[in-house]
Amino acid sequence: MSARAIRLDELTKTFAPGGDPAVDRLTLDIPGGSIVALIGPSGCGKTTTLRMINRLIEPTSGRIEIGGVDVTHQPVTELRRDIGYVIQQVGLFPHRTVSANIATVPKTLGWSAAQIRDRIAELAALVGLDTDMLDRYPDELSGGQQQRVGVARALASDPPVLLMDEPFGAVDPIVRARLQDELLTLQERLHKTIVLVTHDIDEALKLADRIALLNVGGTLEQYATPDELLSAPANAFVETFVGEDRGVKRLQLSLVSQLAFDQGPVVPLETTPERARAVMAQYRSDWLGVLDDGVFVGWVPGEGVRDSVSLSDLPRYPPAGRVTPSSTLRNAMEVIMNSNTSVAVIDDDGAFGGVVTLEAIRGALGLSGVDPRTGASV
Amino acid sequence: MSRVTTQAAVPRDTTLWEWISDPETWTGQGGIWESLVETVVLCAVVVAIAIAVAVPLAAWLAHYRKGELGVTWMVTLSRAVPTFAIAGLLVPVSLINGWGFEPWPIFIALLLLAIPPIYLNTYTAVRGVAPGAVDAARAMGFSERRVLFEVELALATTLIFAGIRVSAVQVVATEPIRAFLGGDGMGRYVRDGLGQNNDTLLVGGAILIATLAALTGLAFGLIERSVLPYGVRRLKTSQAS
Amino acid sequence: MISSSRNPIVRWDYVVDQSDSILAALWQHLELTLLSVLVGLAVSAPLAALALRHRWTTSAITGFTGFLYTLPSVALFALLVPAFGLSRVSTIIPLASYTLLILVTNIIAGFRSVPESVIDAANGMGLTPARRVLSVQLPLAMPSIITGIRIATVSTVGLLTVAAIIGQGGLGRLILDGLRRTFWTPMTVGAVLSILLALALDGLILWLGRAATPWTRKASP
């Protein structure tokens, strides 16, 4: 099923007639195939907005369009069968087995038993559920497993849209991180249009392609990509909400592979001491990294490099950490903080790829695409 | 051989009002006052003994956190025991032993009916007393006995009194079967009404029985209210939801 | 006369001899019990639905059914006889009334125990309200409802014995019969059988309930 865009047009919800609106004329364009996070303090109407999309709450005024079709007045049961819905407490039916739970919507839609069986197997593999879980009852599963079943159930009829309301809030942080990673992997394969409500800014930054930050009373403060939100907050409210450490948060958004890095003070073992000293001087480094056949094997303190001694005979210190191209800048920063050498070494499957310096990181944050050493655009 | 004293047959065209307003109905042999006394005495004794047996036992077990199984057993007992059948079963036993139709069969049957509500409520109440209060009392050096009496029972009074009320109403409401098992009491008019095919006796008897049960409930309700310390009553109303 | 070799607590030859009429009494007892509970259910269901739909009616409904429960059985039978005679109707009406309190209470409790999140998820998946009530809420309310039916059935068996006074008590009739003839065997038989019937029905419904709700048997991790 191809990705469907969602459009919210002047969507408003007032609970008490004449009272303040919970959601105030919200207009939002959610691109098909993307993950959009709705975030904000309590009372900002994020959950209300989400629940208006599948009309569990009926809008007071405004329109909802899915895939270009106005669904504001479509019969609700029909609409909801085409939208996946995942909530924090999961809401699995305790009286049905896991597979019966997953099969709920396909069964309502009239799929054949064989189709359902195949689909369940497919989904189990997709969400990482053991097949022997299928005949168990929800009460027998752990929190993380239940949440996986919830996702499988929501995806069962392959709906183009997925609504998630604090889906990972009820599990512990370790399980939560894993589930978040799995959601990203899933999305790479499935390209659903996902609207995610969360109160956790880090979760939003990690998962979303775009973030809609709402304020109390349902007003939209900023709708932007994670990086934009952090680097260019629209106002004081946004600034406070994303937190004072937004610089550090941005580090988590970029990967090492996006940096421009070079060889650094690293030479093969066979290099002459003279040449080695020259390299160290070039990089103004007290330490020398050494390679053995293309593999990084350690750091050598600068004063140990003497004409009479070959590099391979010198004592070596292992690096404080290893960083790969898919590590975040934050990981790289951690390693730099912890090492004497003040540079981190990049290894791509074992082979040396270059060094990351503090300057390179700062450059990536401040101005994108500028080589900090030469000042030229990259 | 039956001890049953039947009222002189009441003419079948007597209206209910005529019957009730006739002084003979009240004071004559087998009259309402007499029946009332018979019923109230039996019920009072049954409830008194039930309280004397159930409250101390339940309180003691609950305090020492024992007897959970007894509670389950008591629940089953209170549901599965058909009072009429038990009393019926005991009649031959009583007669064979030369004890006559009354009072043992109906007395024992009613006692079995009266105990569970009192026992269950007392047990739950004492068990459920805020552990904080109990701990504080112990910490202040109260002996176990004092903890039981001055803390647990005092706080548990509401539920215990409710249990007593439920029990008393049940006993009074069931006591009329006595009239069908060789005895008298307030149930006699229904019995006689059925025997004489007399609707006046039937309806009159029914109203008397129902009124007595309702009054019992009200009376115990009033006792509950007047006896409870003010603080506990406030606690009860704030817990009620 | 009170007791002799011809009139012990139980005379087994009498039991064997009269087994037909004893079984007939047992059957009548069972039949009336089940009818009373069914009528009770039929009346309780709409009352419970009302309380569930409009929460404010709950205390009135509970109060009413509670009041019915306190009415003495002898009195109720006596009041209905002038109107309906010595018939099954006079028996079933009071007995069904007594079941209302526990049935209504347990039906309401059962439905109220269904977690909000399950109902939300069911709505979110596009289940129609009817399907949601029937295939999600009702099964989950079943344990509580079945417990209510159990309690109602067992207490009805006991209360039904009293209906013997208006000629309808099945096993109770054996008791009264024996009393009238000062012949103990039917009394004993009637009493023992009514207790056994109560216990048997309790166990049966418990077993059926467990079979119908397989998910309650699994322990949570």
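First chain written, first letter: the chains are A, B and C, and each begins at residue 1.
We adopt the following convention: contacts are C-beta pairs under 8 Å (C-beta built on N, C-alpha and C of every residue); 3 or more make two chains touch, one makes a residue touch a chain.
Worth saying up front: this structure is predicted, and the values here are computed from it rather than measured.
Located most centrally within the structure is C, per distance between chain CA means and the overall CA mean.
No other pair of chains has as many C-beta pairs in contact as B-C.
Chain centres were defined as the mean of their Cα atoms; on that basis the chain farthest from chain A turns out to be B.
The mean-CA centres of chain A and chain B are about 69 angstrom from one another, to the nearest whole unit. If you average the CA atoms of chain A and of chain C, the two centres end up 59 Å from each other. Taking each chain's centre as the average of its CA atoms, chain B and chain C sit 22 Å apart. Residues 1-3, 9, 70-79, 81-82, 151, 154-155, 157-159, 161-162, 164-166, 171-172, 175-176, 178-179, 182, 184, 187-188, 190-192, 194-195, 198-199, 202 of chain C touch chain B in their complex.
Looking at the complex, you find that chain B touches chain C at residues 1, 76, 79-86, 88-89, 91-93, 95-96, 98, 169, 172-174, 176-177, 180-182, 187, 190-191, 193-194, 199, 202-203, 205-207, 209-210, 213-214, 217.
Partner chain A is touched in their complex by these residues of chain C: 115, 117-128, 131, 136, 139-140, 213-215, 218-221.
On the chain A side of its complex with chain C, the touching residues are 54, 56, 76-83, 85, 87-96, 104-105, 108, 136-137, 139-142, 150, 153, 163.
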